[in-house]
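Here subunit A shows up in two complexes: once beside subunit B, once beside subunit C.
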Partner chain A sequence: MSQEIESRMRAALRPVAPPEDFSQKLLARVIADRPTLPKPRRIFSESARPLMWWLTASLAACLILAVGVQRHLEQQRLQQSGLEARREVVEALRLTSQKLNLAYEAVKNQSTSLGDEESGV
Partner chain B sequence: MSDGSLDLLDDELAKARSGERTALAVLVQAHQRAVYSLALRMLGTRDLAEDLTQDVFMQLNGNLGTIESNKHLGFWLRRVTTNRAIDQLRRRSRLQMTSLEDEQAFFSTEDDADPMLQRHLRELLADLSPPARAVLLLRYQEDLDPADIAQTLDMPINTVKSHLKRSLESMREKSVGMQSARCEDSST
Partner chain C sequence: MKKRSLPIFLVLLAPALAWAAPNPKLAIPEFTGLAQKATESVTITLDPALLAMAGRFLDGNDPQDAATQEIIKGLRGIYVRSFTFDKDSAYQQADIDAVRAQLAAPGWNRLVETHSRKTRANVDIYIMVDNNQAIGLALIASEPRQFTIVNIIGAIDLDKLHKLEGQFGVPKLDIDLSKTPAPGAQK
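== the complex of A and B ==
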């Protein structure tokens, strides 16, 4: 009984077609309202392009300047340390020469005093 | 919203998503019958059904990107149609089934139409609460099983089953009354 009622209900409740004129109107409306696919968005608008060009150029110039300044400073630092090393070497040579002179004087004095003693004998 | 030519409609869905309008037209044609029938039988009048059908498909236009397959599209359309119809009915007091000008438009007349059963079915639909009516239509019009109906309507499966049971009992009572009336008529 219940299966029979169910099958009769299924038969009665089969989907019905909408009126033809409505179906056509629906299609036209839905298709007309279909949003077109969004175009790939430009990052900058046309009016902002010159500004962006200048901004990019300025950034590149700043970057080049920064690299140049850094290289110059590095070179200066190297030059400074080279001069310092040279000064230290000169100082070391001066001290060495001073000590050698002293030693030479001492040896010379000693040899003259020995000569005097020998001649006195 | 049958599963026939599923692959073909999946392809059409992919094309419609990429902006092809003819593919969208194919999808609308494939699903409009089910959406319109659900709307008509939920709301009771052709004008309201046409408005709701149009609204549902317009809403689909904006949500096409979220639809994954033709099966998903069927589920989405049924869900949106029934939920919107339930909301409309809650705003009104009772279904105005009698305002339908053309009664033939309400039921399928493809084969052995039983006018008495159709009348009882119509009365039953009018008496049911909007969610119970949606359950009945999804079961017998869309041929969904209780689990799918529960998912479509966001309703516990036991509630779906109890709605179906009560609707069937009511129809059975009406059928018994109908048969006894027929017996009386034939005996006189």
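== the complex of A and C ==
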């Protein structure tokens, strides 16, 4: 029984030479059965392209505007500080000059009048 | 070895020399308490950077600005505290004494000390001279209702300061500055 099975299996599994066109058919089949890759999806449709362009342009414009405004504010702040410093210099010199005059006036009065003014010069 | 030790010696000596150099900058208190009592107070602190910035905003074509520009050219600092009160004796002499005490330090010379009985105004002008060049000015003016402390640091030209008379709304006085004594004459 087992011999019969063995002989039948041998008969079935005997090496058989492939037909002439085997490799050609196989290649043709492989090519035909190749899974098709999905087409890359476009993120934006054709109709959305101008919108995207405007969006990018607006973003760039906003960026340029922000930098410009920041520079302008910085310039304005510098100008305010400069004008404030200038005002302080003028005020300081005005006060100094006023007090120097007070001293000079006392010196002058002391040298011209007798006894009314007392000066330690 | 000697050549190598010389730079080290100089580096070590530099801080000592800097410490020993006359410093015309006074430590002026903020007078916060007095500022609250005063009807008008002026606090001006101008360091070299602010003076340079102010100089850029002065118009050289304007006579007043040009005079100011000329004066601040050699300055390294201007510090002013001025308080005006609505009644007499609102401040104590002790408030000023802390500043006056600093003027007893070496280097400071009293240039002018005036006292007017009529206006009860005292004005003391001190000057610090280094290498025959005025490097600091201190002015203390005390009046019944006002006191002012001015500290100017840098190369001060008193002639130029005097020329300010008639500008900034201050009346011009016909005073011969050459009659004022030389710095140090009063000390």
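Assume the second predicted complex is superposed on the first by the 72 of 121 C-alpha atoms of A that agree within 3 Å, B and C clash if a C-alpha of one lies under 4 Å from a C-alpha of the other, contacts with A are read in each partner's own complex, and residues count from 1 in each chain.
Criterion: a residue touches a chain if its C-beta (ideal position, glycine included) is under 8 Å from a C-beta of that chain, and two chains touch if they have at least 3 such contacts.
Computed from a predicted structure; not experimentally measured.
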| item | value |
| --- | --- |
| Contacts of A:V107 with subunit B and subunit C, given as first, second, both or neither | second |
| Which of subunit B and subunit C A:S2 touches, first, second, both or neither | first |
| Which of subunit B and subunit C A:R34 touches, first, second, both or neither | first |
| Touch count on subunit A, higher of subunit B and subunit C | C |
| Partner chain(s) touched by A:R94 [first = subunit B, second = subunit C, both, neither] | second |
| First, second, both or neither for A:L26, with subunit B first and subunit C second | first |
| Subunit B versus subunit C as contact partner of A:A11, first or second or both or neither | first |
| Residues on subunit A lying within both footprints (that of subunit B and that of subunit C) | none |
| List of subunit C residues in touch with subunit A within their complex | 42, 44, 46, 50-51, 53-54, 56-58, 64, 68, 71-72, 78, 80, 82, 112-118, 121, 123, 125, 139, 141, 148, 150, 152, 161-162, 164-165, 167-171, 173, 175, 177, 179-181, 186 |
| Sites on subunit A touched by subunit B in the complex | 1-2, 5-6, 8-19, 22-23, 26-27, 29-31, 33-37 |
| Subunit A to subunit C touching residues, read off their complex | 79, 81-83, 85-86, 88-111, 116-121 |
| Footprint of subunit A on subunit B - complex, ascending | 18-19, 21, 24-25, 28-29, 32-34, 36-37, 40-41, 46, 49-50, 53-54, 57-58, 60-62, 105-108, 110-114, 117-118, 121, 137, 140-141, 143, 168, 171-172, 175 |
